[in-house]
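Here chain A shows up in two complexes: once beside chain B, once beside chain C.
Take a look at the complex of A and B:
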C-alpha cells in the first residue's frame, strides 16, 4: 500500500515534468475527446434513425417469404423494386406471429411502383368536358351542369386561341411555317365561331376533333414515378406513431383509398412556378443563399419568367381577366398581356422576393389550381402485374401524410400509402383459375414455340413443310367477349364506395409483415425464436431486423458506422505507436534514474509498476480532461442542436436538427479504450526499464 | 378498281420476277414496287379479324391474349379490342389520325400513347396490326436477291421519309420472288442497331368484295426481340371478316357505350 502511494507520488511528480509526457497526454486528451463526441453523435444518430425507420414503416422486425429472389428493401434498392415472392394469405400468418409473447402488433405490407401518366393541360380539360357530357346523357341537363359545360367550353376555346397565337408568333420569330399544314388548319377550324356554334349538335364529334387534332399539338403531359405501400391503413396508423396526416383526412375504415406522401405531393404535383418560389424561399431563409450570388436561384427565377404557360392555360376567360387586373395593380402597370405581366411579376431579386412571394400566395394563388390533384380526386394508377399484364385501378386520394422527422427525406417521402385491396389488384396474383384460363387460350392457338435460332430453318428451311399462301374465306368474327369480361363501369363505381371487412382485408396476398415488439431490447432473441417457430411449423419465412429491411438505407447506416469505427481504429493504432515510441524515449532518458533506484534496492516489479502507474495516471488525468471537454461539447450541442443542412442529413438526423445526448456508456467506453491503449503501449518500454541494471546506469558516458 | 389492281399486280410481277432488271430499277419504280406490296394487303374496305397474341419472356410466365382488330382502310382507322383473358376483356387501342389511344374500361380512361407503344406489354407494335403503308412511310432501295431457306427473295432496304413517325426508321425486307409476299422483316433503330426481326411464314389469300380482288393477309407473324434476346411475340390471325363495319365504330363514344 505504501508502495502504491510512493508510485503515485512519483507519477504525479513526473506528470508535467517532461515534454514527452505532455505529448502523450495531448494524444490521450484528443483521443478521448474524439471517442466521447464521435461515439455519442453516432449513437444519437443511430437511435434517431432507428426510431424513424422503426416508427415509420419497418417496425422492429419484418417477415417475408423465403422464396423471394431479392432481400426485402422497404425504401427500394439500387436496382429498383426487389423481387419478392408473395405471402399467399396474410390472415394465416398473422395469428402465427402473434402467438409469440413479445409480439405486439402485425401489419401487412406490400411495396411496389408504377408510372402515372397524365395528358397535357388540353387533354385533361377535354376529358373533363367529355365527362360532363356523359353525365348529361345519363342524368339529363340541369342549369348547374349547363353552366359547368359552358365554363369548360370557354376555357377550351381560350386555350385554342392561345395555341394559335403562339403558333403564329413562333412562325414570325423563326420565319416560315414550322408546323404541319394539317395542324395549322385544324387549329384555324377550332377557332372559328362556326365550330363553336355547331359544337352542341354533336359534342362528341367536336370533342374528337379537339382531342385528336388540337391537343397533340402541345407537348405531352407528365410521367411520374409513384412508389406505394399497400397496407391495412387503419392498423398502419395505429401502429406507426411517426405517421401523421397533413392534408385531407384518413381513408375511411375498410374503404379503398390512398394517402399521398406530402413530399411527393409538393415536389411532383404542385404547379412548377409555385414550387420554384417555395424552393427559392427555402434556400434564402434556411441556407442564407441569395439570388444575386447563387446560380441555382437565378435559374429558378429565369424559369419562372419564361415558363408561364402552366398558369396561362389554366385560366378560363373570367379568371384571366381577374388575373390581369390584379397583376396590373400589383405591378402598377398598364400592360394588357397576361404573359408579359407574369414575366414582370416573376422578375424577382433579393430586394423584392419576399413581397412577391407573399403576393403570389395572397393575390394570385386563389385564382389558380396550385396542385394538379385535389384531395378527394381519383388517381388512375397503371402498373405491370406480377404476371406481366397491365392493370389499372382508380384510387381516391383522401389526403397526404408524412413521417415525423422524415418530412424532407426524398427516400422516405417517395412512399405513398394505399389500401391493400387496390394494391392486390395492381399486384395481380396468378390464381389457379387464371392459370388454367391462360393455358386453355394458349392451347387453342395451336402454335408451337420456336426459338430465335431455330425459327428460320423450321419455317423456311428445305425440310420445312410450310405452305406460304393458303386460300381462306371471310368468316364471322365474334367480339361479344370483349364486353362481358371482368371489367366495366359498374364495378368501377362500386369499388370506390365499397366497405371491406377486416377479414376481407387480411385474407389475401401481402408481401411482408411488419412486426412491432413489446420489448425492443429482446429483438435478436425474438428473431431467433420466430425463425425457429417458422421452421417447426414448416413455413418458409425470412425474419429480418428493421435495419436489414430498410434496404439501401439500412446499409447506409451500417456503412457510416463502419467508416467511423475504422477511423477511430486507425487513430488508436497511430496513438499506440506514438505513445509506445514516446515511452521508449522517456524510458531511455531515465536509464540513470532507474539504474540508481535499482542500485539502492528497488525491485524489478517496483520499476515495472512505476512506469505503468505513470502512464495510467497520465491516461486518467488527460483522459478525464478529454471526457470533460467532450461532455461540455455534447452539452452545448444538445442544447443548440446540429442543423441538418441538406436532405440527406435531414434523414440521418430524423428532423431539422439533431440534439445528441451523451450516455454513461459513451464515457465508460472512452475511458476503457484510452486506458487500454495507454497500458498496452507502455508494456514494452516498462519491460525494457526493468532490464536496466545498476551497472549499466553507472557506465553511461558523461 | 379491279383494273388498277390488276395493273399493280402485274407491275409487281414484272418487277419481282425479273431480278436483273430490278437491280437497275429507277427510284420511281422502286416506290411503285413498295406500293404494290402495300396494295396486295389492302382491302379497300373494312376489316375485322380475330387475333391471337402471345408474348414469351425469359424467366416469366407467357402472356396470352385474344383480340379483335378492326380497320377502316379508307381513312386509316384502327381499333384493337381485347376479348381474352377475361381480366383483359374490354381493354383496347384506338388509332385516330396520329393518335394512338389506350382505353381501359376498368378505370374509364383514355390515354394517348406513342408509336413505340408495346401493345399490351408485348414486342408487337401498332403497325403490326395495321394496314401496310410502306410506300407512304419509307423510301426503298433494292439490294439484290437473297436465299431464305427454300425460298428465293428480293432484298429491299427501306428508310423512313422525313417527318413521318414510325416505330423503326430503317427496315430490311425479304420479299418472296414467287408469290410476292413478305417473308422476313428486320427493323433497325436510327443508330443502326437491330431491334426486331419478324418472320411471316404463312399468308391468307382471300377474295374481297369491296376490293373486287384478292387480298393477302399475314396469318402468322413471329417477332423476335433482338435487344432483349429470348423475348418473342407471336401474332396469329385466326379468322377474318371483310364485310363493312358499323359507321361510328371508330370513335371513343362507341367503345365507351359498349363497355357500360
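Take a look at the complex of A and C:
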C-alpha cells in the first residue's frame, strides 16, 4: 500500500521533471487526440454515408435472384448495368420477407438505364408547328390558332435566317469548308420569300423539308444517360422518408408515371446558360470563390458570353423584340443585335454578378423555357432487344424529387423513379395490359418484325408531342413484345390514365427488393436468418447488405476505412518506436537512481513496477488530456458542422454539413489503444531497468 | 576502544580474490584478502588509489561477487545466496552511504529516509513516521523533512543519506569515501555523526577514506596495498604513518 503510493508519487513527480517524459507525453497526447477525433470523424462519416445509402434507395438489405449473373449494383458498376435475373413474382416474395420479425417494410425495385437523345431547338419548334396544323385539320381554324401558327412560323423563319447567317460567317472564316451542297441548297431555299409564301399551300410538305434538311444541320441535340428505378412509388415514398417532391406532384396512386431526380433535372435538362449562372452563384456563395480568381468561374462566364444560341433560337420574333428591349434597358444600351446584347449581359464580374443573376431570373427567364422538359410532359423511353427489336414506353413525368440533405449529391440524385408497370413493359416482361394490347395489334394488322432502322424510322418519323426520346440500355426485352403502330400508341395513351390496384402492382416482376429493418443493429443476424429461411423455403435468393448492394460506392467506404486503419496502424508503429526509444533514454538517465534503489534493497520486481506505473500514469494523464481536448474539438465540430465544400462529399456527409458526434466507444478505443501502445513500448525499457546493477549506484557521473 | 571486540564477527573474509576483465586483459583488484570485522566496530579502510578499497566494500555490501575465496556477511556465505536473497540481505542487514549521497531527487527528505522501510514492509505508517523522525532528529534535520534534496547543502544531503542508511537499524553500515565530496569541516561532522551512532546504537561501520583526520576516528584502520591486506593498525598508528608520508 505504502509502496504503491510511493510508486505513484515517484511517477507523478517524474512526470514533469524529465523532458523525455514530456516528449512521450506529447506523443500520447496527440495520439489520443488523433484517435478520438479521427475515429469519431470516420465513424460519423460512415454512419452519415450509410444513412445516405440506406435512406435513398438501398434500404438495409437487398434481396435479389440467385440466378443473377452479376452482383447487384444499385449505383451502377464499372462494367455498366449488372446482369440480374428477375424475381418473378414480387407478391410472393413480399410476405416471405415480411414474416421475419425484424423486417419493417419491403419495396420492389428494378434499376436500369437509358440513353436520352433530346431533339434540338429547331426540331422542337417544328414539331410544335406540326401539332398546330394537325389541330387545325381536326378542329378547324380559329383566329387564336392562326395567330399561334403565324407566331411559330415566324420563329422558324427567324431560326432559318440565323442559321444561314451563321453558315455564311463560318464559311468566310474557314474558307470553302466542306459542306453538303444539298444542305446548302435547302437552306437557301428555306430563306426565300417564295418558300414562305407557298408554305400554307402544303404545310406538311414544307415542314418535311425543314425537318429532314434543315433541322439536322444543327448539332445541338444531347445524349444523356438516364438511370431509373422502377418501384412501387407509394411504398417507396413511405419507406424512404427523406424523399420529397420538389417540382410538380407525386404520381397519383396506382398510375403510371415518373419522378425525375431534381439533380438530374437541374444538371441535364436546364438551359445551360441558366445552369452556369446557378453554378457560379453557388460557388461564390457557398465556397467563397470569386470570378476574379477562380479559373472555373471564369470559364463559365466565358461560355455564357459565347454560347447564346440556345437562348436566341428559343425566341420567336415577338419575344426576340421583347428580349432586346429588356436587355437594352437593363444595360442602358442602344445596341440592336440580340447576341451582342446577351454577350454584354453575360459579361459578369464579382461586382455585378448578383445583380445580373437576379435580373436574369426576374426579367429574362419569363421569356424563356428554362427546362427542356416540363412537368406533365410525356417521355418516351425505348429499349432495344438483342435481336434488334424495340420496345418503347411512354411515361408521363409528374414531378421531380430529392432526398432531404442530399439535394446536391450527384450520387443520390443519380436515379429517377418510375412506376413498376412501365418498368416491366420496358424491361420486356409481359404484363397483362401488354398481352392484351399485343393480341389486339396482331388482330388488326398482323405482327410485323421490324429491323432496328425501320423501327427507328417508324418511331422518330412519327409526329408526337414527345420532347425527349430515350433508348433504354436494357437488353432483356421480350422479342414477342416488339410492335409499333398508331393503334399501339393510342392504347398507350390510355394506359397513362389507368389506375392499377396494389395487387396488380405487386404481382409481377421486380429485380430486387429493398428491405428496411426495425432494428438496424441486427442487420447481420437478420441477413443470416433470411438466407436460412430462403434455403428452407427452396427460394433461390441472394441476401446482401446495403454496403454490398451499393456496389462501387459501398466499396469506397470500406476502402476509406481501411486507409484510416492503416494510417492509424502506421502512426502507432511510429509512436511505438519513438516512445520505446525515449523510454530507453529515460531509463539510461536514471541508471544511478535505479542502481541506488537496488543497492539499498529494492527487488527487480519493484523496479519493474516503478517503470510500468510511471508509463501508466504518463499514459493516463496525457491520454486523458488528449481525450479531453479531442472531446472539446468534437463538441465544437458538432455544433458548427463541417461544410462539405464540394458536391461529391454531400453523399458522404449525408448533407451539406457533417455534424460529427463522439461516442463513448471512440473514447474507450482511444484509451485502450494508447495505453496498449505505451505499455508495449515500455516493456523492453522496463526490462532493461530491472537489469541495472546496484554497482551502477556508485557511478560518479552527474 | 570498544570492549566488545571479541564478539561474533559480522564480516568474515577469507582469501578473497577479485579479477576484473577488461576485454582480454584481466585486472586483479584483490589478490587474496583476509579480514574479520566484529559487531560494533568502527573500521576505516585505507590504502592508495587503486589498492582495492572500493572493490572490497562492494564485496562486503553484496553488490558484487568475489572471484575466489569466501565472503561471509552476518554469518551467511554470500556465494550461496540468490539474487533475491542478496537483495534482502542488503535491505535488512546493510546500510549504504554513498560518496555522492545518491538521494532520490523527486522525493522529499522524509520520503528518502522512509524508502527502505517501505521496501521492508514491516512497519505501519505511524511506526515508519516515528522511526524516520527519530533519525532525522538524530542527524539534525527534523525541520527539513519536507524539503527536496536539491534544496539542501552537500553536508545536509549526506546527513539524510546517513539517516536513510540507519533507518532500518542495520547491523552493518558501509560507506565508500563518504566525505570525499564534502569540505573538511563538514566531512568531519559526518564522521562525528557516524561515530555517535556507532556508539549509541552499536551499529558496525566500515568506511574507506584517504583522509588521515577522518581515519583517526576509527577503532582500527585496515590498510590495503595493491589488492592485498597490508596490516591492521590503530588509528593513532595510522596517523603516525600518514604523517610519515606513507599511506
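In this section, the second predicted complex is superposed on the first by the 582 of 702 C-alpha atoms of A that agree within 3 Å, B and C clash if a C-alpha of one lies under 4 Å from a C-alpha of the other, contacts with A are read in each partner's own complex, and residues count from 1 in each chain.
The rule we apply is simple: a residue touches a chain if its C-beta (ideal position, glycine included) is under 8 Å from a C-beta of that chain, and two chains touch if they have at least 3 such contacts.
All values derive from a computational prediction rather than experimental measurement.
For chain A, the partner touching the most residues, choosing from chain B and chain C, is B. Touch criterion not met for A:569: it reaches neither chain B nor chain C. Judged by the touch definition given at the top, the superposed model places A:603 against chain C, while chain B stays out of reach.
Residue ranges of chain C in contact with chain A, taken from their complex: 54, 58, 61, 63-64, 83-84, 87-88, 90-92, 95-96, 98-100, 102, 104-107, 111, 115-116, 118-121, 125, 128, 164-165, 168, 176.
Contact residues on chain B toward chain A in their complex (touch as defined above): 48-50, 52, 54-57, 60-66, 68, 81-92, 96-99, 104-112, 120-121, 148-151, 163, 176, 179, 181, 183-184, 197, 199, 201-209, 216-217, 219-220, 222, 224, 229-230, 232, 234, 236, 238-243, 251-253, 256, 258-260.
The residues of chain A lying in touch with chain C in their complex are 2-3, 6, 9-10, 13-14, 17, 592-593, 596-604, 606, 693-695, 697-698, 700, 702.
Within the complex formed with chain B, the residues of chain A that make contact are 117, 119, 123, 127, 130, 134, 180, 204-205, 207-208, 211-213, 215-216, 220, 380, 382, 384, 387-394, 430, 434, 437-438, 441-442, 444-445, 447, 449-452, 455-457, 459-462, 464, 466-479, 481-492.
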